[in-house]
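All chains are identified by letter, namely A, B, C and D, in their written order; residue positions are counted from 1 within each chain.
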Amino acid sequence: MADRIGIIVNGATGRMTKNQHLINSLVPIRRDGGVKLSNGTHLIPDLLLVGRNADALEALADHLGIEKWSTDLDAALADQQYPIYFDGVTTKLRANNLLRAIKAGKHVYCEKPTAEKAADAFAVANAAKAAGIRHGVVQDKLWAPGMFKLGQLAKSGFFGKILSVRIDGCYWVFEGDLQRPQRPSWNYRAKDGGGMILDMMPHYHYMIEDIVAPVERLVCLGANHIETRWDEAGQPYRSDADDACYAILQLKGGIVAQVMSSWCIRVRRDDIINMAIDGTNGSAIAGLKNCWIQPRLATPKAQWSLDAAAPVDFYSDWQLLPETDPYVNAFRLEWELFLRAVVEGSPFPWNLDVAAGGVQLAELSEQSWHEGRWVDVPQKTM
Amino acid sequence: MADRIGIIVNGATGRMTKNQHLINSLVPIRRDGGVKLSNGTHLIPDLLLVGRNADALEALADHLGIEKWSTDLDAALADQQYPIYFDGVTTKLRANNLLRAIKAGKHVYCEKPTAEKAADAFAVANAAKAAGIRHGVVQDKLWAPGMFKLGQLAKSGFFGKILSVRIDGCYWVFEGDLQRPQRPSWNYRAKDGGGMILDMMPHYHYMIEDIVAPVERLVCLGANHIETRWDEAGQPYRSDADDACYAILQLKGGIVAQVMSSWCIRVRRDDIINMAIDGTNGSAIAGLKNCWIQPRLATPKAQWSLDAAAPVDFYSDWQLLPETDPYVNAFRLEWELFLRAVVEGSPFPWNLDVAAGGVQLAELSEQSWHEGRWVDVPQKTM
Amino acid sequence: MADRIGIIVNGATGRMTKNQHLINSLVPIRRDGGVKLSNGTHLIPDLLLVGRNADALEALADHLGIEKWSTDLDAALADQQYPIYFDGVTTKLRANNLLRAIKAGKHVYCEKPTAEKAADAFAVANAAKAAGIRHGVVQDKLWAPGMFKLGQLAKSGFFGKILSVRIDGCYWVFEGDLQRPQRPSWNYRAKDGGGMILDMMPHYHYMIEDIVAPVERLVCLGANHIETRWDEAGQPYRSDADDACYAILQLKGGIVAQVMSSWCIRVRRDDIINMAIDGTNGSAIAGLKNCWIQPRLATPKAQWSLDAAAPVDFYSDWQLLPETDPYVNAFRLEWELFLRAVVEGSPFPWNLDVAAGGVQLAELSEQSWHEGRWVDVPQKTM
Amino acid sequence: MADRIGIIVNGATGRMTKNQHLINSLVPIRRDGGVKLSNGTHLIPDLLLVGRNADALEALADHLGIEKWSTDLDAALADQQYPIYFDGVTTKLRANNLLRAIKAGKHVYCEKPTAEKAADAFAVANAAKAAGIRHGVVQDKLWAPGMFKLGQLAKSGFFGKILSVRIDGCYWVFEGDLQRPQRPSWNYRAKDGGGMILDMMPHYHYMIEDIVAPVERLVCLGANHIETRWDEAGQPYRSDADDACYAILQLKGGIVAQVMSSWCIRVRRDDIINMAIDGTNGSAIAGLKNCWIQPRLATPKAQWSLDAAAPVDFYSDWQLLPETDPYVNAFRLEWELFLRAVVEGSPFPWNLDVAAGGVQLAELSEQSWHEGRWVDVPQKTM
């Protein structure tokens, strides 16, 4: 038995929307017979691709076997066959698009960040709450297998009392004169919306708040370590956005979180993002792919040694957590949860309100840096 | 050919002085025929052990084959046969002892910290400078083989422009209820002079300033993660000293240093203290024992992966630096340099002035924590 | 600083007393300067060896550097210099000896079992309680490093709710016709007090009750698998004692313990005694030497496979717990705890009352076997 | 040369029947040219699929290239072209279906258990014997390569006198809140026919009786360790069926068998089911996949050790038995034996009578548990 649900996919031909939301998520969901609901029926998405370029849309729809596409967003929003609106366009347009979709009565799901400014992000979240629709935002790192296990550990009470959290993020991005850079040049120009804090603090926000505890207060230092880079055309340019940030966060319950994120470090750790949690009963370190644990009684006896030999191999007392389910793309997993939330009313905490908190955390981090002081994070009154 | 030089060793029966300064340094120097000077002669230390307990002194002198001991510090300081005074007594007495020795015209060498307060430490340093004597302070981490190589890399210009420094220090210290603790209980009681900042910031100070650059400004957060521990007698006590600190330091030249030091983390890294330096031309990570490098062209291409498998083994592109000299105890190495500085006039930058800077850095870290703000480090006008 | 305490060692020339209590425990305690008390002083045992054979006693005392020996137990018990009495003679004499020592006002420490019959064992325990003296019984398996860690895991709450316990004990004892047997022949003759249940159930009793929970009810089947063995002289004899037992125990809290102990099985497991605990939050398996854990999130996904290949290596997801203290003989550890209990009043739960419970458990196991039914264990009313 | 034999496959679209009996057994037998008989001819099965859903039957028949299907069981049983009836429907219907088929003169083969109650199972077996037809029941574990070798060892006299048997079965089944469960939720609900004893005791029955000896008497304790699980829809439910059982069985000849089967244990052994046999001349331990032996003279000398190090690696003296034939699916092997038994009259001991014994053993195990006592197994008078 199968039900169907219509989804407008706006920004369909953009890189992330095309690859992650269509090719890796919605298309395979359709191919595999839909999302299985708790009553046993399957829910199959009908897709309406929206964008600006008719030719590109037609070609994509044809390539992916999708029945409908349009360049008219208003008409799409007016179509009652499609109760869900997904927004994957550029950040500048997102808040306004979301408001239009909410006004049209759609449930909304979108890429992050949900707005350029926290005030706008919270305005969209409030409009969604007032309209009573379901809303969700991409928080893909939570379903990366390593981070997912870290979250399960926290949920299971593995850590005892959590004491501290450390996030080490990113990696050396080639300057571009010798090796080809891995990231686009606009990421390193302030005027184009580049910068580490804006890019990564929203991710770290949901990783910390979803897995550990709310942030109460922070101090952050941005840095612009590399001042000249070479762009896609091989031309040098002034890279003036922050390419690293260093922050100390106080979380609820006396927990301390240390965040280091840099495109100017050479990585000697397990993955491009590592998140470590230390608790009274055990510790864990997760990358995107894997998660290792060291329970309290497995902690080796470390101490200063007067001899030359390091007395302990500090990698050997960590246990790699096994896979218990085959890997599924993180974007697809979150889509399935959102679709079930829409039709079954199941909880979906990864919403516009939480995402607005991520925009806010980036904003406060920049403020802390520029004003050279600790800043408080306004607490939600729920 | 051999010359001789007399050294007063005060606090001879204390644990560190006995083991590191006598058994691992001065006694082997004597056994191996003295320190070889640049003119080819050997310099052999004559030792005068000083302490309070005549029985213990006599037994130790006897055990180590040392000719003289005394419980009378004034008499020892008046003895012209002994131009060098070493101080290894408790911190409380050190500044005053050093002032007496300086007044008596001795060259002085001592354990760290040189005083409990930065003002006193600078007073001793100024007295030494005014008296024109040679002075030195233990900074053993600089001669741990891994850190020594890190310093050599910096000296050789390996890093190009240094961008950032990260220090991850210490390890989980057992609470004492299940496993026997590795460190004495006074370390965790504020009233007994315990605490991470006081203990480790002076070490991190000389590691950063000697190898990289002077500290200009810092923000620090101390934490008291574990509030109950069990002492040497198995009794629970309130552990109220800071058992972790998290700091961001701005160094001269726009360099950022991040410091994390905790007795409440489970270690997944190469050594109990790791220091990483990233520069435009290469990076290095050193533990006490080993040092790994990754030159610019050896940097792997890291990037986000949409697949489950981590695309890069981030440990494989680091090269372990080889041993080029047999291991020598760090305390002995520094003693040999100091003795040569005294008799040959060679430079000895690890002096009372630098050590006073370490006491000051700990003091400012505590101030930053308690006042919740960035603090500036007064710059030397040399 | 050092205090001294006198100990009468009765049965000094017996195999276990000589090797485990003298050579591995009391003599090394003396050699290492005594037991360190919580006030920092050391407690040094003065020993008085008692036995029947004067020549053997004299030779042993001489060999071990022990000052006093005697063949007169009454005189020894009357000597106020020796406030502690240790009993290591044969089981038949133990209860009566202990009663005499208690009457003489001695603190008592002894080998297990404390009596042949539970009624006698409880009578001795009651006499000790009435006299207000300290009393202790050897429960060495609790300080074997693997079992000790298993106990620490339980104490730390590692298991969550404990569900079940499995003990697999002992190994193939050679019959004696082809290979030389590892154990004395009397162990396999009923009339000489042999038998698995009497020998091992008291051990399993304290392992289960100290680490997990009290036994409420049990069913046991003894077996006499091998009916002919060859003795020390190479002569065949009728081995009619139980050489294996199989039991199911219900513990307090709905926990089930399965016990299998056999001298007629060939061992494919980690050690000669394995004890496994499964709980909601994790499992552990300990041998005498080592302990492995598998926390909840480290549990692999096991399932039936239609293919030939076993889908999971069930050994790989277990983590070996590290050593945090150098190994100390289990008998010595318990002696040190007992001596501290006597002079400092610290708790010592491994006492005559608990040991009487072990004798009782063996008795009830035999009853269950012979009557072919479940039997209840009388619960203590404390 | 080829003969043909008609088989009615009832319940054809069910999971086990479709996968194990059709896809892994009967279809490959047809594809490979049939079962080779002792006279050299090949016997090719003609299949008639029976079920309730015509669409599903047609699709399956089409997919597997099978010529006939029907929803009319009576008509099928009346068809003389098909002398064999296979029953793979739900347990509730099986006994009645088998009686109808026997009445129709068919040889019958079926899944286990053959009935819900032992009385019904024996009634069917008696009807089959009275009718003089051939009858067989799935006992797949006997042809799993490891268990098959264990049976061959027994048949060859490897063990000498068998003393004891141990079965350790099953593994941790995820509760469903953190990891996805490996088994359906009805397995854990008593009202839906769940429970360990009903599921696994019939398997253990034929493993023990076929390989070792008949069961004479048993005591069994069921347990319901985990009381809340999460179902296929992620909803919590009360799991009230027995999820573990612990039993001691006395077999003919004084042999003792210990059985532990649990979905609440974390596995540290070779396979999900291990069966160990100890005998005077040697021991063996088999999983489903592999079998290891330790002959009498290969038995290592195990003993108590006073040192910390385990003196023996108890895994090293076991020898892995080699493969001598390529792996063939256990279900297919038993089908081939049954077909030869039908047409050639060869012995087929895995019949309805034996299977009724398995249902009876489960029933007696539950009775032993609920009445808290040993129960006797009625002995066959053949």
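The rule is short, and it goes like this: a contact is a pair of C-beta atoms (placed from the backbone, for glycine too) under 8 Å apart; a residue touches a chain by one contact, two chains touch by 3 or more.
Please read these numbers as outputs of a predicted model, since none were measured by experiment.
Both chain B and chain C derive from one sequence, and where they touch, under half of the residue numbers involved are common to the two copies. Annotation, chain A versus chain D: rotation angle of 85 degrees from the Cα superposition, expressed as a multiple of 5.
The most distant chain from chain C is A, comparing centres defined as mean Cα coordinates.
The geometric centre of chain B is 49 Å away from that of chain C, both derived from CA atoms. As a whole-number value, the distance joining the C-alpha centres of chain A and chain C reads 56 Å. The mean-CA centres of chain C and chain D are about 42 angstrom from one another, to the nearest whole unit.
For chain C, the set of residues that touch two or more other chains comprises 152, 156, 282, 296-297, 299, 301, 324-325. An unclassified topology is adopted by the chain contact network, corresponding to no line, ring, star or complete arrangement. Interchain contacts (touch definition given at top) occur between A-B, A-C, A-D, B-C, C-D. By the touch criterion stated above, chain B contacts chain A in their complex at residues 19-20, 24, 145, 163-164, 166, 171-172, 174, 178-179, 182-183, 219, 221, 223, 225-226, 244, 246-248, 250, 254, 256, 258, 260, 262, 264-272, 276, 278, 280, 282-283, 285, 287-290, 292, 294, 296-297, 299, 301-306, 308-310, 314-315, 318, 327, 329, 372-374.
Those residues of chain A that touch chain D in the shared complex are 38-39, 152, 155-156, 324-325.
Residues 149, 152-153, 156-158, 281-282, 293, 295-301, 317, 319, 321-325 of chain C are the ones that touch chain A when the two sit in their complex. Here chain D touches chain A in the complex through residues 174, 178-180, 232-235, going by the rule given at the top.
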